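Next come two complexes built around subunit A: one with subunit B, the other with subunit C.
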Partner chain A sequence: MSQSYNRGLVEDFGRWREFTAGMWAWILHKFTGWVLVGYLFTHIAVLSTALPASNAASGVIAAETDVYTTTLQGLESLALVRVLEVGLLAVAVFHILNGVRLLFVDLGVGLEAQDKSFYASLVVTAAIVLASVPTFLEGVF
Partner chain B sequence: MAERYSSFRSGSRSWLFQRVTAAFLVVVLAFHFFLLHFVNHASEVTFAGTSARMEQWGYLLTMVLFLLTATFHGVNGVYAALLNQGLTGTKKRAVKGVLAIAGLALAAQGTYVALVMSGVM
Partner chain C sequence: MSTQIQEESEEATETETETAPVERESPGDRRREAKRTASDQRVASEPVGEIEGDTFRLKVFRYDPEVEGKMEPRFDDFTVPREKGMTVLDALIYARDHYDTTLTFRHSCRQAVCGSDAFFINGRQRLGCQTQISDLDGPVRVEPLPHQDVVKDLVVDMEHFYDQMHAVEPFFQGDTPDGDLEEQRQSRENREKIKMSTRCIWCGACMSSCNIAAGDNEYLGPAAINKAYRFAMDDREEDELKEHRMKILDQEHGVWRCQTQFSCTNVCPKDIPLTEHIQELKREAVKQNLKFW
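Here is the complex of A and B:
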């Protein structure tokens, strides 16, 4: 039996204290989506250093002193970049897990447990990110 | 029935493509993170190593498809989010145009970079 609720607009962020699990999932999915699309543009810009690097002499590439290698390794040597990468991982893992949850919601599967699956997405994201911290920060401190 | 929160009008073509690309991206984004942070460490990436990976046709094709689907999914998601905030009329058309140009530019640049990395261009 379908039942409708009138909880007002989820876009009205000033009402955040009244938000339900589904509304938080919607906001977090949107926020992580903005971060990921912003990162995608930055990522391709940084990887575009491969264009001048491809013209470098083979000795320069073998010595790993081409602009692509030095740019990427220079960025990776910064502790701030490594910490931001952990943040990116958190954002990506949540977006993936909540995205799978949304695909199920759209298929009408497990609707009655959609709040629990949101909490599960948060817990699994936290577990994966915490377990990945040593690998992501290896050798930078 | 539970409440449904989505930025997309259910049943529209953009809604369908957003979900088709999502199903692909779930797998490939996880693979991308795993390969470049756990199998190969990001801090040890070199042009020679990147080229060696991109010279494999299957990998190159996967990465180009990854770029194209991620660009569509991201730009379409941003557009849906802005429409959801109440964007209409001339502003809606302007945003659609800017996002389409940005998406096409990103896809073109990324594909070009991938082909150069693989040695095709």
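Here is the complex of A and C:
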């Protein structure tokens, strides 16, 4: 063969409409996994304000004006942060539910229902996230 | 064959609506053209499967590195009469025999046995001979298998796929039994267990659908792993042989590359539960590694 034509990755994201359940589950699982890793770093950054705060005088801590408490209160007063928290919950819940689905797949249990279990994890995620909205968004809007 | 490009482009104007502008257009040409476009659009928008004796549009990927006008890949449109029980392969054969003899694709058995006519039909890997036109939305779009180099039109280079298949030693290696008339028996249960895995026709649809295989050329791919499953799970092969087979599979580019997207299982024309077999081999590999006692 003298020459051939390389079309590259034909099934790239341009074909997302044709992706099947298993493919979506894989994409969402990778995405949510890496979002969780990203959150871990911001989480550590915020929590580490507790280190200087622990040196503050007891009166400051009692008055809730130490760095740790003010940082947290400052963040929680932002509507954007509250919305992102709902997003974080969605990401975490989906990753856990689909993670359990993947564990079953690894055990060879219910492989014929793998698409249904993916849809189920989406629905349960949606239900949990919706139920959490009043708690997370209380008093910011 | 490939020298017929001149003739082809003349014929193609009969059917193509997008490419090849008509030379010296007369009002009649324009009228017929408009009528044809309208009827094509009607065919494309009408629900498929109800109209018998009508035509449908077949869009076929064209490419030939050796012919001037075909070096740039493009799609050709063919108008094909709809017939009862017509498959995509039948439609391709019709287009080749009636419009363009240079249209190239592999086919042989026409009954899902030889595995030579796996194409990317309407966005999914399917066998041309197994896919009914009436099951598809129009226009029917036929492309060569994705993630494989195109040699010409719908013909892809299968060399890599065959290399992966051969890498798992796809042949029975059990000892022959002693005594001339001794039979090599397999239990019914064992035969049932490997039954589905024996059905592979080497069409390459699964490998083409797998986006992990697309990004990792060393990955054995679903078909080869399934082939290995067929022999690793065969009780007539000795334990050392199974161990040897597991060594090939228990590698980064073996079973562990699979990320359970189920793409292969979805497209396999022989309904082989590929993901299930790959997962079972993963567990088998873990079990074997844990056998330190």
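As a working rule, the second predicted complex is superposed on the first by the 130 of 141 C-alpha atoms of A that agree within 3 Å, B and C clash if a C-alpha of one lies under 4 Å from a C-alpha of the other, contacts with A are read in each partner's own complex, and residues count from 1 in each chain.
Heads up, the rule we're going with is that contacts are C-beta pairs under 8 Å (C-beta built on N, C-alpha and C of every residue); 3 or more make two chains touch, one makes a residue touch a chain.
Just so you know, these numbers come straight off a predicted model, no measurement behind them.
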Residues of subunit A touched, compared between subunit B and subunit C (which is higher): B
Contacts of A:Gly22 with subunit B and subunit C, given as first, second, both or neither: both
Touching partner for A:Leu111 - first (subunit B), second (subunit C), both, neither: both
Residues on subunit A lying within both footprints (that of subunit B and that of subunit C): 2-3, 5, 7, 10-11, 20, 22-23, 25-26, 102, 105-106, 111, 114
Subunit C contact footprint on subunit A (complex, rising order): 1-7, 9-11, 15, 18, 20-23, 25-26, 102, 105-108, 111, 114-115
Subunit B residues within the subunit A interface of the complex: 1-7, 10, 19, 22-23, 25-26, 29-30, 33, 37-38, 41-48, 50, 67, 70-71, 74-75, 77-78, 81, 84-86, 102, 106, 109-110, 112-113, 116-117, 119
Subunit A-touching residues of subunit C, taken from the complex the two chains share: 63, 65-66, 73, 120, 123-124, 143, 146-147, 149-151, 157, 209, 211, 214-215, 259-263, 266, 273, 275-276, 279-280, 282-283
Of subunit A, residues touching subunit B in the complex: 2-3, 5, 7, 10-11, 20, 22-23, 25-26, 30, 33-34, 36-37, 40-41, 44, 47-48, 50-51, 53-54, 56, 61-62, 64, 66, 68-69, 72-73, 76-77, 85, 89, 92, 96, 99-100, 102-103, 105-106, 111-112, 114, 132, 135-136, 138-140
